[in-house]
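In what comes next, chain A is part of two complexes: it sits with chain B in the first one and with chain C in the second one.
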Partner chain A sequence: MASAGKEHLYKVLVIGDLGVGKTSIIRRYVHHTYSHNYRATIGVDFALKVLRWGADDTVRLQLWDIAGQERFGNMTRVYYREATGAFIVFDMTRPSTFEAVLKWKADLDSKLMLADGRGIATVLLANKCEQGHPLPANGLKMEQFCKEHGFAGCFETSAKDNLNIDEAANFLVTQIMASEHALLRRAAATDTVTPQLDRRRRSDGCVGCLK
Partner chain B sequence: MIIQPGIAKANLGLSREDVTMEDHPLNPNPESRWNTYFKDNEILLQIDKDVRRLYPDMAFFQRPTDYPCQLILDPQNDYETLRRRVEQTTLKAQTVNRNRSGVTNVSVNFFFHTLYLGKHGMNEIVGPIYYTFATDPNSQWKEHAEADTFFCFTNLMSENRDNFIKSLDDSQCGITYKMESVYSMLKEKDQELYFKLLEQNIKPQYFTFRWLTLLLSQEFLLPDVIRIWDTLFSDQDRFHFLILVCCAMLILIRENLLAGDFTVNMRLLQDYPISDVHTILTKAKELQDNS
Partner chain C sequence: MKTSKIGTSSSLLNGNQNEDRRQRKVADIAQALRASPADVAALRRMAISEGGLLTDEIRCQVWPRLLNVPPNILEQEPEMVERDNNKDYNQVLLDVQRSLRRFPPGMPDEQREGLQEELIDIILRVLKRNPQLHYYQGYHDIVVTFLLVLGERLATALVEKLSTHHLRDFMDPTMDNTKHILNYLMPIIERVNPEVHDFMQQAEVGTVFALSWLITWFGHVLSDFRHVVRLYDFFLACHPLMPIYFAAVIVLYREEEVLECECDMAMVHHLLSQIPQDLPYETLISRAGDLFVQFPPSELAREAASHDCMATTTFKDFDLASTQQRPDSVLRRRRRQLQQQQEALERSAVARPSVTRRFVRLAVMGLTVALGAAALAVVNTALEWAPKLDLFP
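Presenting the complex of A and B:
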């Protein structure tokens, strides 16, 4: 039966401000461990999580843990390439990290786009939820916030108490698969080649002959 | 109510001047003492975080120093300890372990007085230097570890600081250029491996950024880091030799890299498998002599 199973490989970015718990979330998710202090991530860290999906599919998630400091801003373009999904993380006990969420989202959207021009599937994580502070807005407003700013969803997580991380990851995988299907359908529909000017691509430079 | 930023000075005999008209906590003026105070607090918070994340697994970095700064500890003194200030700022959002306040207190003060530009990761460079001085068998040397560290760190950063400056990233002295030069040297020394990494789309940014900016301090155990630095700092062209070391590290695991797929290779490079630094240094020297 195993031969019938498909294998999916997805690159997932984990971004957000310094110290919100990106590394802790990944360690919890991949290695099932938690520690109060991790060494700061410099540049990027890389981890792999293999999931059984459905009856006999396998999902391999490449998790890219990207340093939260603004210092590394120049580098993010290289780290983002070919990612198909992202977690943007903030710390529920620090409002400034929530304010930075939109900055990260804008950075992501400006550097990465799917073939159909949409942003990649992105899920918002409100981490350190065990510390009991309420979300900056109530549940309904979060829903509205996600809709307004293009997040597929939002989860309150705790790397410390292992809350909601698997759920959030499964949700993200579902979302990635959904946009993958949408792309495939779109590709199938446009199987007939229709030459046309693509306005978005004109500025790329190497298409000078189209000017 | 009139309060000086940060500390109740009523018992210090300072006169209670009325500053409400000129300065107050909500004053957005960049020259405001309050504004500066809050800005400093942000940097202090980050430093505090960095210090607490420095070698969290090593007992040495978690215990109080044997030589705390007397000036700060003296209750008669009006110095406000920076750690206390950070504690106040976070409103106890993070619990600060009291046992540790010795060494970290020293470090926090130390950092603040260096030209700590809020450049994340510098603590990883201070760590091994401080450790070396603070574990010296000579107690007189030990006692002045902090000052010695300050001196050495400032010296080192004057050579190395360009790595930490974002606007220089793409210039000749910036980090991007250095990361590329690891690959261009690899191309010269081991073309097959170079093309393999290229083909797998493993960019130098994926691992050499940390290798180079932190001078390999996160790749090896502390004693081994100190051993590497010893060779590195005694070389006439220190930072060029660092590139040779990185190149040697790649070539030493070439068989694994040539056999591995993207994921396997990324993990090899992120979690470097060889712990014998002598092999690495010998290889680097060999590369140097052959060029």
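Presenting the complex of A and C:
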């Protein structure tokens, strides 16, 4: 039904405090593997995931794994450019990493904004859920937290046990597409205005030409 | 150099010759160590030239000399560091826990866990003693290398020295100076291969792919420990900016791959940050030395940025200190004073073609062989380079 064989390229940032499992999530998602000896990420890593989307669309997800240590923030800034989606990850077993989530969100919003002034589609991941310490703020409270702070949604994930990662990624892609459509609609709406302006100008121009 | 030609005709002969050369090098190193004061210039040449310092046993003796750490440091009991309420502890712990791959594959868990505890202690100790230093992710990759080669006490001393000199820029409150050092990368690449440079500029890949190389001296990205320590031999003997020259050499070595890559930031970043594990290290080391001689930092500095980074400015003082390391006894101190007077006399006699000057020539010849540098280039820039490489003892 949709234009056959369409290809979408989306740049997605994976951010959050150090040691929350950003690299593990990406490795699980892209390479289907898990190891407990991943190294700390220094600077920025990159991975590509190609998804079949719908009947015959393709989604190419560029996943940018951003180092968690704050001091790299200034260096990794350039990699935020043109991102259309983000995962903010925290470790369910370490409350301090949840507390840092809002800091990461504010940082993200300050660095990136869509044309309509809104932040990019962002999904919150509560990782290491297999270690089963439910958060103080879970269930309904999480839903409210997301709404209040501009997250499109929240998933409890486990890179170790491969829980919810595909689901979270699919959800993020849907959200990215939705905001893309919203932007296109806006653009289309402004487009209908532009010709009117143009026409007036062009008539001026034409008069000038005729002179 | 000769052996490589003969090598094809008889690998046995080649093997014997390699063994001969190795034995000769071991003897040369021993001699340089026995000299009083130790012949640091010779030790540096050994650390740079093919094969580096050969064994960890030799490294235990030579690395302290290269960093001017007195051997009696081993007698000091390392102080214990409080872990509770330590601002760095949580982060260091997280990074050390994720450093399993840096330990030899066959090592029993218990032994490894003991070393990881020592690793944490060393890092916290150095940070506590030097409050001006800030921990960065990757510092643990440097420290673990020293720990595995030297053991806890010696590693603490060397890491502390290194942190206040070669690594100083990386340990600022911000990464601004580190960024500045990374800025040397593209000018080096441009001088050697403008096509690769332009391609990378067009892709807007930046230099962050080389960040972990630089701040861990490649310890973070190379999986074979032998390669890591070989590079550490080289870097410990050289100017603190040498790792960025080595980074440039790796990019240049992969020229074809780079140019074949899609000219896109993500793709080029991905390609370059995946470092090949089968690099011809000896060749690349000599190339990096070559580039350093031909395009010294002073020449690139203008392009890299306006302000000089701290490691390079402190290096001169440090270098001066390491050329004057001697056993710390009264008798020797007296002799040292005499020697220093002598040296001062020689130094003041600038106009006279002195013994010192002849020594420079010899040393440069040694380096030419060691680095495979073009003789002309060396002669042209030796004066600029020499003070930094300790050719004027």
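Everything that follows uses one rule, which is that the second predicted complex is superposed on the first by the 187 of 211 C-alpha atoms of A that agree within 3 Å, B and C clash if a C-alpha of one lies under 4 Å from a C-alpha of the other, contacts with A are read in each partner's own complex, and residues count from 1 in each chain.
One rule holds in what follows: a contact is a pair of C-beta atoms (placed from the backbone, for glycine too) under 8 Å apart; a residue touches a chain by one contact, two chains touch by 3 or more.
Just so it is clear, the model here is predicted, and its values are computed rather than measured.
With chain A as the common reference, chain B cannot sit beside chain C without a clash. Of the two partner chains placed around the shared chain by superposition, neither chain B nor chain C is touched by A:146. Looking at the shared chain after the overlay, A:93 reaches chain B, while chain C stays out of its contact range.
Of the two partner chains placed by the overlay, neither chain B nor chain C lies in contact with A:51.
When the shared chain is aligned, no partner comes close enough to touch A:30: not chain B, not chain C. Under the contact criterion defined above, the residues of chain A that touch both chain B in one complex and chain C in the other are 18-19, 36-40, 42-46, 48, 62, 67, 69, 71, 74-75, 78-79. By the touch criterion stated above, chain C contacts chain A in their complex at residues 91, 94-95, 97-101, 134, 136-138, 140, 173-176, 178-179, 206, 208-209, 211-212, 215-216, 220, 266, 269-270, 273. For chain A in complex with chain B, the touching residues are 18-19, 35-40, 42-46, 48, 60, 62, 67, 69, 71, 73-75, 78-79, 93-94, 131. Note for the complex: chain B touches chain A at residues 46, 49-50, 52-56, 93, 119-121, 123-124, 164, 166, 169-170, 176, 203, 205-207, 209-210, 213-214, 218, 263, 266-267, 270. For chain A in complex with chain C, the residues that touch the partner chain are 11, 18-19, 36-48, 62, 64, 67-69, 71-72, 74-76, 78-79.
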